[in-house]
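Below, subunit A partners subunit B and then partners subunit C, in two separate complexes.
The block that comes next holds the complex of A and B.
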């Protein structure tokens, strides 16, 4: 095991320094961007990009590194949203605290799903996640009230307007939301970068590379994968709370639906799964493409913008099978320290 | 020789064309008024969104062909469509874009309550008037918003009208149901409708003997029909989408389940043209359907705009106007009316004019309303659905009484299957 870790760390040694610089640069640029961007629509779009980047990064935390495909992460998003909103409307608890409860609930659920399914090889984890997420969604859609909690079924939950109130997680301008999601993203990226270099990261990559070999070396695949999965679920739930507070409305169809799960996975995969910056890149490519396509073609021929989006996806898969991060990484390696985009 | 003649005539034509164009541009010098329209143009509700889009386009074309907005020197209406994909976040983003980038004066949309609810909040914050099309969620016009106006029903109106129609028929014929069964699909629409019916039925002294939510896309309604048969209700209130509504209706006919005061559907399956193509006509005989517009409006209306809109819908979609097309048409005419009175495309002026809306005639009433006037919350308090009864395969308006055609008489109570 020692030799594997040593070999990996030397191989990524040169890149690592580079990656930190790139990461800090990107975050700095994003933090300063609102000085230039004052237009509310652009800011809104940037918030959406950061939100999806955050969600894809959370997804990538387990799925990218261990090579297990989860198509049910939206369930954790929904849990975070529902718990924080319900605690706010029912108990008057600040969403800042409520989202932590949502995160813990998601974590517990993740462990309960992970422990049995990660013991199995093959597609069982993917199937279980789809099934479980769909069950939760359908249950919520059909439950108006559960143990005195008004879940409101498919109607969705409304977050009452409190005006500008930090503790209520409500702001009249978009700027605070921008910095909140940016800091979430920063934490998620730093956590991923840290994880990549920690024992957890090496174990995950070992499991991805060859599960049997890893197990033979004493790595417990179920334990490490479940641990990463729980952290990933926690992060996703926090993102769900942000979505709920930002739009002040959530419904099971969108917040827990398969489509959101797929979005998270696709952005990671297109950007480059199993890398720190890949999901961010994926979101930064795909969200604007979707938005521009919608703006240009959405009102005209029905569905044309989705075709354009689909074509963009196909091109990415054809030309960057390892993710769009790969060619950029090569460029960076060649002229180290070169600009990241 | 001939060539030069030909060239000369071409020159003439071109000159004439250029002159017309120049004249045209001077006649239409006024800047076009931009209105945004956020609709589900892809995804689950795409069929509905497209029908509304066609309605909006037809109405905008009619207004432009008739010389545009007269008080604005014949300014043309220019509609910017945006696709919400039925997703709240996409709807909000598109609303932001249309307001900030396209700089529209007014918006309409967005059918799905889940989209309209958060998207109208954006419009309110950005002080842009929004005319709600199709969304029934009560809370949309219960937030003390100043820029949001809804022409159509609230969800609670739908439930009240079904009971109103029963009360009306009871008065008219001296008999009516006392016990009701409720069968509804177990998602947003069905559940909220059932909850509303329960409250109003209790107020009016009806007893609910069966309260049954059905998961969507069932393969057999035998169980539910058995429950209804056992409870012997006088009438059943149904809220199901097309596939379930079809199966339920078919099985009910096969089992010859008699209900003395019939089936009262709140639309869904029974307002879908596809429903009637998939069933033998007698399966739906005597059923009452509550719809968001008057199905036989073309028989009672003489408004040329409405009649030509139906033709235009047929040309665009292959079938005539539906409730969704009608709502799109209505929204554009309401906006045009406000523009005429505002004499300006300014958002504030337009908001003020919309708040003063009081339409009592014209194509804006294509949905079968008698009046459009908004209360201080922006809700059109004169909105109502129209309830028709299927007589010999034709849906004839029965409620409200004022909307009935001369030859429409309800059949009440409805005959048993053995007597049909």
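The block that comes next holds the complex of A and C.
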């Protein structure tokens, strides 16, 4: 009992330094990993892990900290992908710029949706987000052309091949994609770590703790939630552009379907929502499992990875309600506790 | 000293067909501790919530330091310098004591290290210094109540609204809270306190106002107010004077 109290008292003081160190170490290891990993399949798998880690981190930025479950974030991913691809094919604009437009569109949408829906609690918010995302998906799936823009419905959009061209966001090898998504992830993690310690982070956690009490302490919940939601939507949309460029193909089902929203949420929750590194851990655990399940049973048992998610989620809720990061954090405290301060 | 910090005029609130607060008028001087008492259902908390911005009055006005705050949102009321505590304390359970207190600090300052230093100070002031890094959900009911008071203080209020601060507390805890409230007043904070425990009200308040059925029925020094027949009637019923005679 005494040790747990001691551990708790060192926690916040030590965690700061500790978290930064862990973050930097992880990023360094990931940056150096391609020296060892040279085969294309493993690199591809690692890109997918980083992509999902990035998406889960974006989701966590608002949902993890404010304690609302959004299952509609894939909508922002789709927006980012569609805007950057369409601007590239229709206007010849570099996806590097197009993704910013996609991000801004997602931000505006997030604020417009967030203002009325963030008042809703628990399942009502979740259902509303699913509804919005599904409306957008179904609309695009059934629209071939809108105001002269060829959305191509369920068929999806193909990004024309330009060979090895940085400005076209196209590379003939996997390695550049690896470093691009790693940089995105690094920015997202640093942004989360910064937010957690800023006024915004405290306000979000206060809203999660008790909305009335937060209001009484000068926190305008609508303002802070919308702000975080907008930033989260922007980051998610940027991820959508990456996804489109990496596969050179997007369709409504894959880039804005419910499954992607669930992926983002479940990875954050299993890893540890409301923590900086939790979503990364969740993605590192679940993405390989999902890939293997897809590979092994892909033909016969489509969707088996969702069963795996369900099982992982159940185990997590039972044994690590604060996410898989919690036992790791406790272990670190036990073994490195003395060095932390 | 005799500057007016709070003025409530013609304040009324209807819930459907029930009028919870009826045309209430009172005011408070800076540095005063004003006790608000009344039987259950007298409309104390409703009036309290209207002042704090959690309920919009149907009519009437609330002026804080000469500024009209009627119907303003809670966060605006807080930033104007009015802090409140809740009847049921509402700690942010998964944050520790210092982090809880820091939320209050962020209402006025964005500088994190300043807020953290201030939070430690307030934790010491409350006697929670040794539990500064404990999660709020691990605190005892009374410590949570103190934390609630501390969070409100971190917003640097000029006027503090306290809702039932000693409900459920042991006599020694109640005494500790009374001392704390006095120390808060000595820091220059005016206090409006809603309370059921008469002993606390009598020893703390400079002045007492009494609510019954949504109306203000008495206003004066604590000792005078409690001996008035209309107050006794509100608390003990019609036949109290016969029983007492």
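Quick note on the criterion: the second predicted complex is superposed on the first by the 297 of 341 C-alpha atoms of A that agree within 3 Å, B and C clash if a C-alpha of one lies under 4 Å from a C-alpha of the other, contacts with A are read in each partner's own complex, and residues count from 1 in each chain.
Please note the rule applied: a contact is a pair of C-beta atoms (placed from the backbone, for glycine too) under 8 Å apart; a residue touches a chain by one contact, two chains touch by 3 or more.
Not measured: the values here are computed from a predicted model.
Shared-chain residue A:20: touches no atom of subunit B or subunit C.
Between subunit B and subunit C, more residues of subunit A are touched by B. In the superposed model, A:214 lies in contact with subunit C only, and not with subunit B.
In the superposition on chain A, A:90 contacts neither subunit B nor subunit C. Once chain A of one complex is fitted onto chain A of the other, the partner contacts of A:198 are limited to subunit C, with no touch recorded for subunit B. Residues of subunit B that touch subunit A in their complex: 37, 41-42, 46, 50, 80-83, 87-90, 92-94, 96-97, 99-101, 113-114, 117-118, 121, 125-126, 137, 139, 143, 186-189, 191-192, 195, 213, 215. Of all the residues in subunit C, the ones that touch subunit A in their complex are 52, 54, 73-75, 78-79, 83-84, 86, 90-96, 98-99, 102-104, 106-108, 110, 112, 133-135, 148, 151-152, 154-155. Chain contact summary for the complex, subunit A toward subunit B: residues 39-41, 44-45, 48, 141-142, 144, 153-156, 158, 161, 172, 243, 247-251, 253-254, 259, 291, 294-295, 298-300, 302-303, 305-306.
Considering their complex, residues 5, 8-9, 11-13, 197-199, 202-203, 205-206, 208-210, 212-220, 274 of subunit A touch subunit C.
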